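Shared between the two complexes below is chain A, which pairs with chain B and chain C, respectively.
This part shows the complex of A and B:
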């Protein structure tokens, strides 16, 4: 008995024509919508492209890229933050390669490839236009490649991975802050920091420090000890009640009073970091609390039945499951924090946003442009923030898929 | 066996969980208290040293803060607490409108993302992906400084939208309806209408229930209410008279006046005589002039050379007008090309002598010491109907008396001949000026301000006296920019919530509805949406709270909400601690309000289980 081979679907249900009919022209209304919206999209895309290419004046952005990147950081020391980027990429490459060897780590691999691509583009631009950081960007590219190759060819490094990451942080710090004295390792005080570098510093510090703090607050909120529980609830609700910008403002007013020192003795960066970290920590706590609540009570009871202590149960059984459930949410929060760093202008810091908003438009050269330079600058800033946030949100979605959150 | 029922092994206190827990709490409390005491002492000594105010007594002293955006009457002479109250009201004003608009836009985008039209789906997706991943601060800056600030200026060139709406870089102004002189007479009728509505509604419902037939109660109630309200409106408007105490104090030279309650009847506004708002007036100026110099303007990111602008005077507001270039030599050299006579034009030098303006014939006003070309607009029979603002303000363009424009003696003699370079339907005016009084007598401006009668309500369209709006209802540029940014940003989150909520309704529901023969629209509105709302509302409310909190980015758009005003007050008074407390308390009240609403919604939305 012969099986009749299955036939392809009729011509009307496949191919470009069928797709078009199904998705764009499936009825009178749909056709009308497609035509009108399509016309508007085409016209606005053409106009926008024409404006971006010929109408807009991008010179204020191009000539001020140094300000936007590092603000007043000395130009002769600009190689140091670049090398810090290289160190970070080296470690990321190492982890990506080790992960790939182990058959996982697709997400970190994707991030690594994306960031390395960015660094390569910057290196090419540096060779074309920025002679002072040419070597530094080249070195960063090589460091990124070196990290990956090391991880790929020396699989034993997997054991040293955590140590290398922990060592990387102080190295980056030394590179950015300096060691003191004169010459290539001179200290660059935080007053001189600014631009995108400062944005990254605040975001990374805020996320890293608020993570343990947030877990502690979340555990505190679920504690059976009333004093700790109500303190945590009160703290979380108080900080969550008011927006970040008010906490930044309050920090700039109150930190000198609370420590009873003159306002000048505490750098603005420290005040901003206090506010950003505490603010991020309470939101982190609420997210982690959601994860803690998702862990079934049976897990805890089983752990206790096995003889684990209360602390061991939390550390080995409950927290790992809780954090796994909320990692995508935490990445979302990290994106939020990255965007929110733009509010530090309120304490007088010159982050990426503040430089585009106030420093560049008030330059004498910028005043010559009719109508100001803020349109181009705000679009450039939006594009940069978007570029990083969007990549992180893709990573968050991949994580969600990989961890299978909500699919059990 | 015996031991088990006897004395159990006593747990030593250092291993007793209860004791340890208590101990931990005591230690924790002590640490927290110590920290608080240390910090408190620090604050106290720092305050004592710097002698900054630590109490709230400054709240009643004069603020001296000018605030442009005020939902309740306010002057800089008012105390601080009133300034802060205005900030709080402004927060509510932007949050309320923002929440409504963001919900509409967000639900639309969410539905677009579920549409079966591929193009709409893509637009929805990219709207969310692009705008959600861009900081709100950047979006505010974009709307405020890059979009709205580059719109045409109010003076002479507002964009006219249908319905009398004006749009410019000063914001948006709509016509509005305000209570008129007959409003108090109308109030009892309104009250009666509302009572009638309730009565008819209840009676009709009872009737429907008794008849056991389907029927709607509200159309009858609404009809009854409208009949009473309308007849009351007619009666009240018929009877409305201009109150004898209302007067106008008009300063002709400045083109502004105040409508007020003239208690002592002397026609001048004395101390203690309060403003009488929303009074319809007609301002008549028999003959007047305005001077303007040509200058280079930046408009929509382009330099427009040698433009002259006069305040907006619309057709029908004047009998005749005439525009001349002042100065003999200038008049011979230059002419005016009208873009919108008699309001704006370009001064040009006719280099190819063809009598018309061509690109490039404008004057380059960059030259050293070049003040532009002086031009003067003279109008006769100017008459404008206005409605005074809430604080009684009436404004018309700053007219000058005719004849004060001449820069020298020749100019005055010259005024008689006029003609050359003149423009308009009539050149009569020049002749009038020449036959005027002796030059020694300073000419004066005769302005007549009449109060018009009004009914129960008064229709107040916006107008532009000089460079800002008057009358109507205004959204300032700051408000508009902040509102746009907040709405567009929050809508991305609401769109995602809507999409997730609708997708969370099981597919079986759609199929069951289809099987029952419901149409696509019925399926959505009767089956899917009611179930989706249950899922959508709680996260939606937390987005509303986010929008309200995000309105604290107002300083970026120079909008005076609670945080922006608090920041200024903290700088002015130095009262860091009290202001900090006030900021936190205001936002806690807002957060608390939203959590109450959320709890009510959750209770209502909970599936009633049997």
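This part shows the complex of A and C:
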């Protein structure tokens, strides 16, 4: 007996036409909505493209890239933050290669590939247009490649990995801040930091420090010890009760007035970091608490029955399940924090957004463009924020997939 | 009770601080640079260029003080301050001097604890008008329409002044500055009013900057000048007299170009004292004899500073108006160096 070979569905039910009819024109309401929305999309795309290509003046963005990137960080020392990026990429590359050897590390591999691509692009631009940081970006590219190759060919490094990462942090700090004195290692005071570099510093510090702090607060809130419990509740509710902008104001005006009056004893950056981190930590805590509540009590009881101590139960049984449940929320929070850094202008810091929004449009050169340059700068900044935020959500999705969230 | 406590706290903080500082002048000379609080986003007054360098009218006065005190106009650490943090920055000693378009008022002089050096820029509510309208003085506003932002002191000022002069006009009110200018561009009114420094920054953004002009008149008082903290009279004197020096030099025709020659040729006693050739004037201020020579050489006299940042050769094209020497009908008047 011969099987009748399967045939494609009739012409009216496949292809572009069928898809269109099914999704966009399946009734007169949908048809009308599709036409109106389609018209708006097409017109605005055409107008936007025309403006971007012919109407906009991109020159102020291009000439002020240094300001947008590092604000007043001295140009002759600009190689230091670039090398710091190189150090970070070297470590990332190392971990990515080691992970790949072990058949894991898709997420860090993806981040590494993406960031390295960015660095290569910047290196090419540096060779074309930025003579003063040409060597530095080239070195950063080689460092990124070197880290990966080292990880790939020297698998033994897997044991040194944690040690190398912990050594990397002070190296990056020294590179950005300096050692003091004159010459190539002169100190660059945090007042002169700014631009995208500052945005990254605040975001990375805020995210990494608020994460453990948030977990501690969440556990504290569920603790049976009244002192810890009520402190945690009070702290969370207090900080959560006012907007970030308020805490930044308090950090900027009250703290120096109440604690100390000597200049520079509490740099504006430190004030901002404290405010941003604590604010993020309490939201982190509430998110983690949600995760903790989702772990069934049976898990805890089973762990105790197996003889695990209270701390072991939390660390090995409860927290891993709790955190896995709230990954999307945590990443959402990290993205939010990254963008909230644009509020630190309140404490007198000059982050990426502040420079594009206030400083560059005030330059006499910018005032010569009819209508100003705010629109161009806003579009550029939106693109940069989007670029990094979107990459974070990709990493988050990969992480969810790897941990099997939503599949069990 | 609370007020007394606050006052006690404030006097403790301020007093304790002034004491700990000793002489700010000596400290700055030893430190080798001046901490100056400025604006970084007010066109013409304080901005940052693409390399990260500060420039502007206010910034030049920081440079003048550094040239006098340290000997190098570039020996300045700029601190870009927001409007809300500027006074705290002076009170905490974070900046040695505040030159950030700050209006001299009685409460800032007393309660905030500032000492104001001479006014460097007589700001005030001014007008941008269409050239074609032919308006050149306040009386010409009779029967015209003026675009103004609603709910501001600007709106109240305008009403007060016009009522006092018995001039009838039609105010056209808008929520934001953008709307005000949009209406002006659309010929809904003949003029726009707001602070002079604000008019300046907007003037070049107009579609046809040539068709409008900023009138050299003001109808409110916003005297802007350098300010230092109470409690250090010597430092206050230095800031005050460096500011006067720029005005004095203009009055006596001393410019950055001719100041070195004047050192050789000056004969008038008043100029010779200024240049440190005769007498002990500069030493009495705690400076060396060539201090003001450096100010003029490195930064310029008041006229040069004004012309460089705001004057007719810049895109802002501001007239001197009240900011002219008293001999030209302005308010700049330097006491003698004697």
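The criterion applied here is as follows: the second predicted complex is superposed on the first by the 388 of 408 C-alpha atoms of A that agree within 3 Å, B and C clash if a C-alpha of one lies under 4 Å from a C-alpha of the other, contacts with A are read in each partner's own complex, and residues count from 1 in each chain.
The rule we apply is simple: a contact is a pair of C-beta atoms (placed from the backbone, for glycine too) under 8 Å apart; a residue touches a chain by one contact, two chains touch by 3 or more.
Values in this document were obtained by computation on a predicted structure and should not be read as measured data.
Colleague: Should the superposition on chain A be reported as showing a clash between chain B and chain C, or a fit?
Modeller: clash
Colleague: Looking at A:44, would you say it contacts chain B, chain C, both, or neither? Reply first, second, both or neither.
Modeller: neither
Colleague: For A:34 in the superposed arrangement: first (chain B), second (chain C), both or neither?
Modeller: Touch status of A:34: first partner only.
Colleague: Let me test your reading of the model: by the given contact rule, A:348 touches which partner, first (chain B), second (chain C), both or neither?
Modeller: second
Colleague: Going by the touch definition up top, name the partner, chain B or chain C, that contacts more of chain A.
Modeller: Larger number of chain A residues touched: B.
Colleague: Once the shared chain is lined up, is A:309 touching chain B (first), chain C (second), both, or neither of them?
Modeller: Neither partner.
Colleague: What is the contact status of A:362 with respect to chain B (first) and chain C (second): first, second, both, or neither?
Modeller: Only chain C is touched by A:362; chain B is not.
Colleague: Does the superposition put A:372 against chain B (first), chain C (second), both, or neither?
Modeller: Touch partners of A:372: chain B and chain C.
Colleague: Tell me which partner A:17 touches in the superposition: chain B (first), chain C (second), both or neither.
Modeller: A:17 sits against neither chain B nor chain C.
Colleague: Classify the contacts of A:253 with the two partner chains as first (chain B alone), second (chain C alone), both, or neither.
Modeller: Touch partners of A:253: chain B and chain C.
Colleague: Hey, which part of chain B ends up inside chain C in the overlay, 7-15, 277-285 or 367-375?
Modeller: 367-375
Colleague: Could you list which residues of chain A make contact with chain B in one structure and with chain C in the other?
Modeller: In chain A, residues 249, 253, 256-257, 346, 370-372 are touched by chain B and also by chain C.
Colleague: Taking the touch rule as given, give the residues of chain C at its contact with chain A in the complex, in rising order.
Modeller: Answer in residue numbers: 13, 16-17, 20, 35, 40-44, 47-52, 77, 79-82, 84-85, 88, 91-94, 201, 204-205, 207, 314-315.
Colleague: Using the touch definition from the top, list the residues of chain A that touch chain B in their complex.
Modeller: 23-24, 26, 30, 33-34, 37-38, 41, 224-228, 231, 238, 240-243, 245-246, 249-250, 253-254, 256-260, 335, 339-340, 342-343, 346, 353, 357, 370-372, 374-375, 378-379, 381-382, 385-386, 389-390, 393
Colleague: Write out the stretch or stretches of chain A touching chain C in their complex.
Modeller: 63-64, 66-67, 71-75, 191, 249, 252-253, 256-257, 261-264, 345-348, 350, 358-359, 361-365, 367-368, 370-372
Colleague: Inside the complex, what are the residues of chain B that reach chain A?
Modeller: 21, 24-26, 28-29, 32, 39, 41-43, 45-47, 116-120, 123, 129-130, 132-139, 141-142, 145-147, 149-150, 298, 300-303, 549-550, 552-553, 555-556, 563, 567, 570, 576-577, 579-580, 583-584, 587-588, 591-592
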